[in-house]
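The data blocks that follow each hold one structure.
Look for chain A in each of the two complexes below; its partner is chain B in the first and chain C in the second.
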Partner chain A sequence: MTQPLDNLRSLAYFGPELALSGAILLVILWDLVVKQARVAGALAIAFAALAVSAGLSVQAIVSGAGSRGLFNGLIAFDGYTSLFRILIAFVTAMVLVFSKPSLEEKSAREPGEFITLLLVLTLGMNLMAASRNLLMIYLSLEMVSVISFVLAGFKLDDAKSSEAALKYVVFGGVASGIMLYGMSFLFGVSQSLNLSDIAAKTAELTAQQGKVPGAVFVGVVCMMAGFGYKISAAPFHMWTPDVYEGAPTAVTAFLSVGPKAAGFAVMMRFFSEALGAVHDARIAGTVVDAAPWAILIGCLAMATMTIGNLSALGQDNVKRMLAYSSIAHAGYMLLGFSGMSKVGVASIAFYVITYCFMNLGAFLVVMAVAEQNGGDETVGAFRGLGRRAPVLAIVMAVFLFSLTGLPPMAGFVGKFYLFSALLETGGTWSWTVAVVGVLNSVISLFYYARVLRVMFLEDAVATEPTTVRPMFQVTSLALAVPTLVLGVYWSPVYDFVVRSLATVR
Partner chain B sequence: MKALDFGIFALSTLLVLGGGLGTVASKNPIRSAIALLVSILGIAGMFLLLAAEFLAAIQVLVYAGAVVVLFLFVIMLLGPAAQSPADARSAISRYLGAATFLLSATGVLALVLRATKGATTTLATQPAGFGTIEAVGKELFTSSIAPLEFSGALLLVAIVGAIAVARGKQPDPTLAVATPKGEEPEAAPEKAPSRRPTPKEAHS
Partner chain C sequence: MNSIPLEYFLLVAALLFVIGAVGFLLRRNLLVLLMSIELMLNATNLTLVAYNRFRPENHAGQIFAFFVIAVAAAEAAVGLAIVLAFFRVRRTIRSDDADLLRN
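Showing the complex of A and B:
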């Protein structure tokens, strides 16, 4: 059990967030005051803060720092939070590397603001993973949403980018409105914003009435609108293709991984701490206990996978296709959670790690190819890439195979854990969801293979080799290596994930 | 006392419902904004009825005082004659929307009815002074100081973001003499994407 700490003593465990907050202020100041090396300096500050955030979190997991409730129990300090902090810091650092060339151009718009906003997003996502109070959940979700709107619309001269930002704002407003409505139900029932109080009250009422009270059910369904919006699960996925297509590619890469990971983090914590719905696997009777939630999540998972994969089939723009693919992947991750077991939580955390390598990589290749072809992001731009830029093409093949979930890539191992976590709970329902998931994986092969065919089997109009920035080659290779290695030797990472989750409650 | 309670409740409900209807139904955007104001005042009355005088005051100050005025500002900037673009959607999608709305409304109603039919849960009475300015202030600056700080940070970065997006869209007003017409290009590009029916929308 965790003991809550008062405000002052909490600060000792709040290092990662304090470092990020300090860096945010420093970058703003640096951007204002310094004339020389503006971008380089701001990037250095950002990388330093991210390193501190990740380093402190690694240390917390390795030293087994236990579990604490910071700020009177509003924010959690535990292995779960630390794990997601490391992941989020990594994603932000990668995206900063991606966007470095465009930031250093003379024509770059507001590089200082871009870095500041990215750091604030990181802070917000850290808080999302750590929130154990409805108020904090809402505030951190809003922090991430508001900054995402701005970043999506960062290309001002581009009508598509503005369209993306506006759609994102409208959908985001509706989703958080519905979520607040759901929260009001939970607060009405339990008269507390603390997840543990809600859990106690829900358990009491469930025992009294023999089923989950209707008000709690309605509240949770409404809250799923907010979570579903963040992880882009159906039916709250509508914004995803337009935003992913319109936003600058580096931002798209970030949005497809970072907020999704944080969204899963906050959703899983909500279900486990506020509803007590997540159990150790293989305990007889628990599945019945968690039934409404397992079925709710299972339905969402099946709908999300199917909509994502079927819509991706007809896409001609690769960024748009990857957007639908990211919806499908949200579905796979929900599938792992629909077993409502702790193994499921671990499998999702592991999948998010593998997904972050392969998806960031795929977007990086799209970015490199689009740069060579004057901003063309359609499948046609990939024609003959196998001949013109063999390194990029092979690396892209690795990412796409991994996204499909073929061995020996990381995506296969991740998917294997997701499915096994679901099937461990057993029962007809789990098997139904799993079969739909497998069918979806087969569908997904078609659209990923289309890009592969175009890259290797079709001849381009121009055959001379293209020059790709060395940065793109090095970074994409750096992302491809873990994608391959995690496919054959994943146990240290999986063990690390399991170990960090062991401290939760 | 009961009759007075009911009177206030009836008045607030009428204000909320009438205001809401007016917001949606009136063609003139200024009328809509004023109807929204009426609806907000009704909600403030409901808060008063629940003995949450602080919330009622905030509702009037922030929403009626600031937010609606901001809406009016934007409407005036665009010109009160600004018409919403003609609805480009086909009749089928409208009927589909209406059907979806009806379906979900019935679903919610059924859930609410089912929830009220069974065992009712009586909420515990709040301690005296709950929801007063003193209680809220004490809560804000002791146990909830962290959320307060984070909301401050959220507002700060929202300002930074708004400036980052808004700057560069028009010539710097401090350098050039801004003509009254100068404001229009600022608002127009924001609106343009939403009006343009794109072929993509069919897919999404």
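Showing the complex of A and C:
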């Protein structure tokens, strides 16, 4: 990497974030000043900014813009950041499309505010993916957390929504407190907040002492609290089911995908840049010094998957079941990471992409079904859906099969890459973790299949066809098509991911 | 100047952190929970500043502490607002009573 750029010259590479910042201010102004077409105009501004953010990032990857340190090394500009920027812009755009009808209702509370907050969240997640400095990691994580708290409690007078926000804020505060304490130790050891300086100091001390220094180990374990909270990994997953159930469904869909993707982005960058723990698995010998981290992440992965899947089994509320399933999926993704290899990073990035399609889609269907059944989100609301709303039911089946990881869906390909990245590192430990992962996939089949059975094999009390908003049909199809296509023809996307990661050192 | 060794500061900070963590685990009043979190953040600030004072190659530690104070204020503002919203709906500020969402 070349010398970090100074503040002024960095701005040329900061286009996506500048566009988002501009849009945030514009939406606030628009909401204050304009009386007609308030929502439509604000949405148009938001979509324009997201298009700029994604477009500039695609251009950066395609043109091979290389990697640079921006703002004196606080932030990275590389393919890795660009990849996550595209993904995050896509997720935000999808969630805005979902929530458009409810925002346009007369009774909608502060639609302009909702759009503004989502854009701030997008900006924060972009910065998370780009952070190369402990201070930036902390600030971007907090930016995302604080806005998420507000969004989770957006329905102010709803008891469930306010309780969800409450649990979110309390757990979030503790997780970020523990993470900060860990950061202070890393700072104490290396006298610097830059990830590359920490890497140099850690490597020096490790060579001296023959093992990872205790303070660094404690620091990293504490920092995992913050990361684990963001990706909802055990033992920091407790907030997930409650917040997902209580928050408005559009917000839940967003929280289950966006912050999780950004959390993985920042965590993988931290481990590869600050600890130098991510290696090319094919170079033998280097794997040894990644050992404590590989075991740490492996344990987290196994615990997360098992807790997520076992708790999902008995759930009656589909939203809550999907919350536990999203915990389990964080576990699968950690699985790819526990090998600490570059292939693993690529496999996670690819899985995050497929996960975005299938999970957003599943939540969208829940939203559509709940709307038809007066807010009922239990499994019972899905009874006989195969006859009453065939398109919706088939699309839901695609998402659920994909989440289970059955071929020919995208989820299968994603999981295949995760497991093969883990096994490529070899060793008994990798095999143990992989076996637990496979067993968990089998468990997950039970609760996904339950929804499928109810949809297609059981009859509803009412048999007349349900009217689903055309918007829901179109967007859920738009998410189901990539879920299917990526399951049979994934190589262009996978190659794109690998190419964009090539610049990460 | 450096008559008090670094370890003393770190020990006090660790103690503060543990008090915060125990308070978080044991207390049931939401306002006390938020205060416990603040205690944990203060422990972090003390550690950062102490490390920085004893090896003052740059001022990153002190500056980080300022950022932590500022962000903690923002978080507390949102946190208190949410506690208030919760109180308006449920008429309680005990964490045990937040039991609408559970298995």
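Just so we're on the same page, the second predicted complex is superposed on the first by the 504 of 505 C-alpha atoms of A that agree within 3 Å, B and C clash if a C-alpha of one lies under 4 Å from a C-alpha of the other, contacts with A are read in each partner's own complex, and residues count from 1 in each chain.
Keep in mind that, in the parts below, a contact is a pair of C-beta atoms (placed from the backbone, for glycine too) under 8 Å apart; a residue touches a chain by one contact, two chains touch by 3 or more.
It should be emphasised that the depicted structure is a prediction, and the values quoted were computed from it without experimental measurement.
Contacts of A:Val150 after superposition: both chain B and chain C are touched.
In the superposition on chain A, contact is made by A:Glu163 with both chain B and chain C. Of the two partner chains placed by superposition, only chain B is touched by A:Phe71; chain C is not.
Look at A:Val493: by the touch rule set out above, it reaches neither chain B nor chain C. By the touch criterion defined above, A:Gly173 reaches chain C but does not reach chain B.
Of the two partner chains placed by superposition, A:Ile443 touches none, neither chain B nor chain C. In the overlay built on the shared chain, the residue A:Thr116 is in contact with chain B alone; chain C does not reach it. In the superposed model, A:Val485 lies in contact with neither chain B nor chain C.
Applying the stated contact rule after C-alpha superposition, one finds that A:Leu310 touches neither chain B nor chain C.
Residues 135, 139, 142, 146, 149-150, 153, 156, 159-160, 162-163, 165-167, 188, 191, 241-242, 245, 311, 314 of chain A touch chain B in one complex and chain C in the other. Only residues 108, 111-112, 114-115, 118-119, 121, 123-124, 143-147, 150-151, 153-154, 157-158, 160-165, 167-169, 189-190, 192-194, 196, 198, 200, 203-204 of chain B touch chain A when the two sit together in their complex.
Considering their complex, residues 17, 20-21, 24, 30, 33-34, 37, 40-41, 43-44, 47-48, 51-52, 55, 57-58, 60-61, 63-64, 67-68, 71, 74-75, 78-79, 82-83, 85-86, 88-90, 95, 98, 100-103 of chain C touch chain A. On the side of chain A, the complex with chain B involves touching residues 7, 10, 21, 24, 28, 70-72, 74-75, 109-110, 113-114, 116-117, 120, 123, 127, 133, 135-136, 139-140, 142-143, 146-147, 149-150, 153-154, 156, 159-160, 162-163, 165-167, 188-189, 191, 205, 208-209, 213-215, 217-218, 238, 241-242, 245, 311, 314.
Considering their complex, residues 134-135, 138-139, 142, 145-146, 149-150, 153, 156-160, 162-167, 169-170, 172-174, 176-178, 180-181, 183-185, 187-188, 191-193, 241-242, 245-246, 311, 314-315 of chain A touch chain C.
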